[in-house]
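In the two complexes that follow, chain A is the common piece, with chain B as its partner first and chain C second.
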Partner chain A sequence: MKTLKMMINKWDNFFFEEKPTEGIALFRIVWVGLLLMYYFADIGNIQDFYGPHALISLDTVREQFPMLHANIFHMFNISYEFTYFVVTVYGLSLALALIGLFTRPALTVVLLCMTSLHQRNIWLLSSSELLMRTITLLLIFSPCGHSLSIDSFLGNFFPRFKNKRTWSVWVVRIIQIQVSVIYLWTVFHKLKGATWLEGTAVYYATRLEDLTNFTVPYLMNSLIFLKIMTWGTLIIEFALGFFIWFKKWRKSVLILGIIFHLGIQYFMSIPFFELYLIALLINFFTPEELKAFADKGVNTFIQGIQESTLGTEIKEKIVRTLRENHETVK
Partner chain B sequence: MKRLSKCFLNMLIVLYLGIIYFSGVPETNTLNTRIKKQASAVALGIGIWPSWSMFAPNPIRFDSKSFVEVTYKNGVMKEHDVEIEPKGPLAPFRKARWMKYAQDNLRSPNQKGLLDPAIRYFRNKYDDKANPIVSIKIKRKWSEVHPFSNHSIPSISKTPRIEKNEILITKTIGE
Partner chain C sequence: MSRAKKILVSGFILFNLLAMVRVHLPLEQPLLKSLYRPVDSYLNFFSLYQTWTMFAPNPSRANVFLTAEVEFMDGTKDTYKFPKASELNMEDKFSFGERYRVISDVIRKDINSFLWADTAKFALRKLRDSNYHKIPLRVHLVRHWSEIPDVNSKFIPHLTKSKSYDSYEFFTYEVL
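Let's turn to the complex of A and B:
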C-alpha cells in the first residue's frame, strides 16, 4: 500500500509538477519555425503530390490505405481550388501559431491540414512527417501560447486571452518519453542489422548516392574511424534514449546529442529530421533553464528598442508595455 | 488543478503511452498481438504510427532508384529518373519527398498498387501529341557504393543488394 502511494506520488510529481510556461513557449517558436520551413519547401510539390492530377489519385489512396484516417480531402471533391485553399489555411495557421495569436486554435488547424496533406499521399512520408504530426498534436494540449506570444500580451487587456505563469508539465513529459522511445526504438532495430554490428553501417549510410552531403576525405576512408562512428552512433542513441533521464548525465548527453545530429547533417543530406530532433532535445532542458534563456532574450529585445532611433515617447511606451507584460507572465 | 481534469489528463496520458507502446511492440504474446491491432488502428487514424527506423536494420536497403523508360511512336526511347531535380535553395528538401516515393515505395515489391497510377502520371507528363507514347516501363536499378575521393575500402566496396535490378511494370499504350 505504501509502495503504491509512493508510486502515485512519483507519477503525480513527474507529470503534474508546476513549471514556468516560457519553456514550452520557446519550444513552440522553434518547432513552428521549422514547420514553416518545411511548408515553404513543400509548396513547390503541390501539383505533383496533392492536386487532382497528382502522382497518386485520391481513389488510389482510398484503395491502398482503406483504414479510417483523418483526411479532409475525403470529404470534398478534390480540385486545385480546394487543394490551394487547404495549403493557404495551413500556411496562415502556421504563421499565427509562430507569433502566438489564437495559438491553440491555430495549432489545431495546422494539425488538421498537415495530417490531411500527409495522408493524401502517404507514400512520401518519412519519420520527419511522423514527428511533425506527433509533436504538433501534443503541443495543442499545452499552454504554449501563454508566454512569448501575442496571446499573452493581449491577456493584459482582454480576459479571453490567457497568460498563465506556470503549468503542470505533462505534455513536456510525454514529448520527452516520445523522444526516448524514438532513440531506443532505432537502437533496438539497428541491433538486428549485420552492418551495425560489424561496424560498416556508417560507411554505407554516408555513401548512399542521393544522401551524401559533405565529407572528410581521409577519415571517411578509414575503416577504424567508420567502425568508431557506427558503434558510437549506437552508444549515443542509446544514451539519448536512456541516460538522458539521469540528472547527472543529462547536460552531457544533450550536448553530445546536438553535436551528433549536427554531424549527421554535415555528412548526410537528410532534410529536417536532424533539425527536428535537435529542436526536440530542447525539451530536456528544465523549464527554469529555458525561462532564464527566454528572459535573457526579452531583455535583449527591450535593450535593442531602447537603443533604437525611435522617438523617446514611443520607445518608452513600447518598453513599458513589454516590461509590464513580461512581469505579469513572470 | 481540479480533480476531474487531473483524472481526465491521467487517462489521456495512459492512453497515449499505451498507443505508442502497443503499436510499436513486437507481437510476442497474445496480449500484445490483440492490443497491438487496436492501438495500431488508432495510431494510423490520427497519424502517429511509430516508424523510427533511421537506417535500421541496414542502411543499404535504401540504395535503389526507379526510372521510367518511355518509347514513342517513332521508335525513340527515353529514360527519366522518377525523382525530379528541383532547383533553388529548398531543392534538397523538395527532393526528399520524391526520394521517399521512388526509393522506398515505388520500387518495393510490397507496393505494387502504386505502379499503375505511376504509369498514368508519367504518361501525362511525357506524352507528345505529335509523337505519342506507345509503351512505358518502370525499372528499378541498384546504385553501386561509390567511394569518397579516390579511395574506397576494398573489403566493403561492393553493394549488397536486397532486390534485383528489374523491370517492375511494362504498359503498352492502347492495351
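Let's turn to the complex of A and C:
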C-alpha cells in the first residue's frame, strides 16, 4: 500500500507538476514554423501528389484503407478545387497557430488537413511526416497558446481569452518520452545489423546517392573516421534516449544531440527530419529555462519598440500592454 | 487539477505510452489483442504506427530509380524518368526529391504491385504533352539498381555517382 502511494506520488510529480507555459509556447512557435517551411516546400506538389491526377489515385487509397481514416478526401469526390481548398485552409491554420490566434482550434484544423494530405498518398512519406502528425496531435492538448501568442495578448482585453499561465506539464512529458522512445528503438534496431556492429553502416548510408548532401574532403573517405561515426551514432543516440533524463548530463547531451543532427543534415539530404528532432529537443530544457529565454526575447522586443520612430503615445501604450501582459506571466 | 481530471489524463497518458510501443510488441494472445484494439483503431485513424527503423538494421546497399517506357501505335517510344533526388538541386530535393526517393523504393517492390497501374498511368500523363498526337499502346515500368559493393572488396569515394545500373521490367500496362 505504501509503495503504491509512493508510486502515485511520483507519477503525480512527474506528470502533473505546475510549470510556466512559456516553454511549450516557445516550442509551438518553433514547431509550427518548421511545419510552415514544410508547407511552402510542398505547395508545388499538389498536382503530382494530392490532386485528382496524382501519382496514386484516390480509388487505390480507398481500397487499401477501407477502415475509418482521418482523411477528408475519403468523404468527397476529389477535384482540384477541393484540393486547393484543403491546402489553403491548412496554410491559414498554420499561420494562426504560429501567431497563436485561436491556437487550439487552429492546431486541430492543421492536424486534420495535414493528416488528410498525408493519407492521400501515404506511400510517399517517411519518419518526418510521422513525427509531424504525432507531435501536432499532442500539441493540441497543451496550453501552447497561453503565452507568446495573440490569444494571451487579447486576454488583457477580453475575458474569454484569459488563460492560466501555469499548467501541469503532462504533454511535455509525453513528448519527452516519445523523443526518448525514438532514439532507443532506433538504437535497438541498429544493434541487430551487422554493419552497425562492424562500423561500416555510415559508409554505406553516405554512399546512397539520393541521400548525399555535402562532403568533407579526406574525412568522408577515411574508413577509420566512418567507423568512429558509426559507433558514435549508436552512443549519441543511446545518450539522447537515456542519459538525457539525468540532470547531470542533460545539457551536455542536448548540445551533443544538436551538433549530431546538424552534422547529419550537412552530410545527408534528409529533409526536415533532423530539424524536427532538434526542435523536439527544446522540450528537454526546463520550463523555467525556456521562460527565462522567452523573457529575454520579450524584453528585447519592448526595447526595440522604445527605440522605434513610432509616436510617444502609441509606444507607451504598446509597451504598457506588453508589460502588463508579461507581468501576469511572472 | 482535480482528482477526476488527473485520472482521465493519466488514462490518456497510458494510452499514448501503449501506442508508442505497439509495433514492437508481438502480442498474439487474444486477450492482449483485444486490449490493444482501441490503440490500433487510434493508430490506424491517424496512421501513427511507429517503427523508427531509420538505416536499421542495416542501411540499404542499392541506389535505385524507376523509369516508364511508353510504346505508341506508330511504333515510336518515349521514356519518363521518375525524379531522382541526386540529380536535383537543393530546393527540389526538399520539395519533392525525397518523396520520389521514398515512393520509388516502395513501388519497385513486388509486394506493392497494387500501385503499379496508377504509376503507369501517371507516367503516361507526364508524357502526354510531348506526344499529344500519338496513341499509346502500353507502358512498361522498369526498375534500375546499382549495388554498393562490399567495402572490403571496393571502396567507393564519397559523392561518386554509379556508372552502371542493372534493369528489370517489372510491369506492363496495356492502355488499349
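Keep in mind that, in the parts below, the second predicted complex is superposed on the first by the 328 of 330 C-alpha atoms of A that agree within 3 Å, B and C clash if a C-alpha of one lies under 4 Å from a C-alpha of the other, contacts with A are read in each partner's own complex, and residues count from 1 in each chain.
Throughout what follows, a residue touches a chain if its C-beta (ideal position, glycine included) is under 8 Å from a C-beta of that chain, and two chains touch if they have at least 3 such contacts.
Owing to the predicted nature of the structure, the values given are computational and were not obtained by experimental measurement.
Overlap between chain B and chain C is detected when the two structures are superposed via chain A.
Of the two partner chains placed by the overlay, neither chain B nor chain C lies in contact with A:104. Shared-chain residue A:146: touches no atom of chain B or chain C. In the superposed model, A:70 makes contact with both chain B and chain C. Once the two complexes are overlaid on the shared chain, A:291 sits clear of chain B and of chain C alike. Judged by the touch definition given at the top, the superposed model places A:210 against both chain B and chain C. In the superposition on chain A, A:120 contacts neither chain B nor chain C. Applying the stated contact rule after C-alpha superposition, one finds that A:28 touches neither chain B nor chain C. Shared interface residues of chain A, touching chain B in one complex and chain C in the other, are 15-16, 41-42, 44-45, 48-49, 53-57, 60, 63-64, 67-70, 115, 118-119, 121, 123-127, 130, 133-134, 137, 141, 168, 170, 173-174, 177-178, 181-182, 185-186, 189-190, 192-196, 200-201, 203-212, 215, 220-221, 223, 269-273. Note for the complex: chain B touches chain A at residues 1, 6, 9-10, 12-13, 16-17, 20, 24, 41, 44-60, 62-63, 65, 83-84, 86, 88, 90, 92-101, 103-106, 111, 113-114, 117-118, 120-121, 124, 143, 145-149, 151-153, 155-156. Chain C makes touch with chain A in their complex at residues 1, 6, 9-10, 12-13, 16-17, 20-21, 24, 41, 44-48, 50-61, 63, 84-86, 90-91, 93-99, 101-103, 106-107, 112, 114-115, 118-119, 121-122, 125, 148, 151, 155-162. By the touch criterion given at the top, residues 11-12, 15-16, 41-42, 44-45, 48-49, 53-57, 60, 63-64, 67-70, 115, 118-119, 121-127, 130, 133-134, 137-138, 141, 168, 170, 173-174, 177-178, 181-182, 185-186, 189-196, 200-201, 203-212, 215, 220-221, 223, 269-273 of chain A touch chain C in their complex. Against chain B, in their complex, chain A makes its touches with residues 15-16, 37-38, 40-42, 44-45, 48-49, 53-57, 60, 63-64, 67-70, 115, 118-119, 121, 123-128, 130, 133-134, 137, 141, 168, 170, 173-174, 177-178, 181-182, 185-186, 189-190, 192-196, 200-201, 203-212, 215, 217, 220-221, 223, 226, 269-273.
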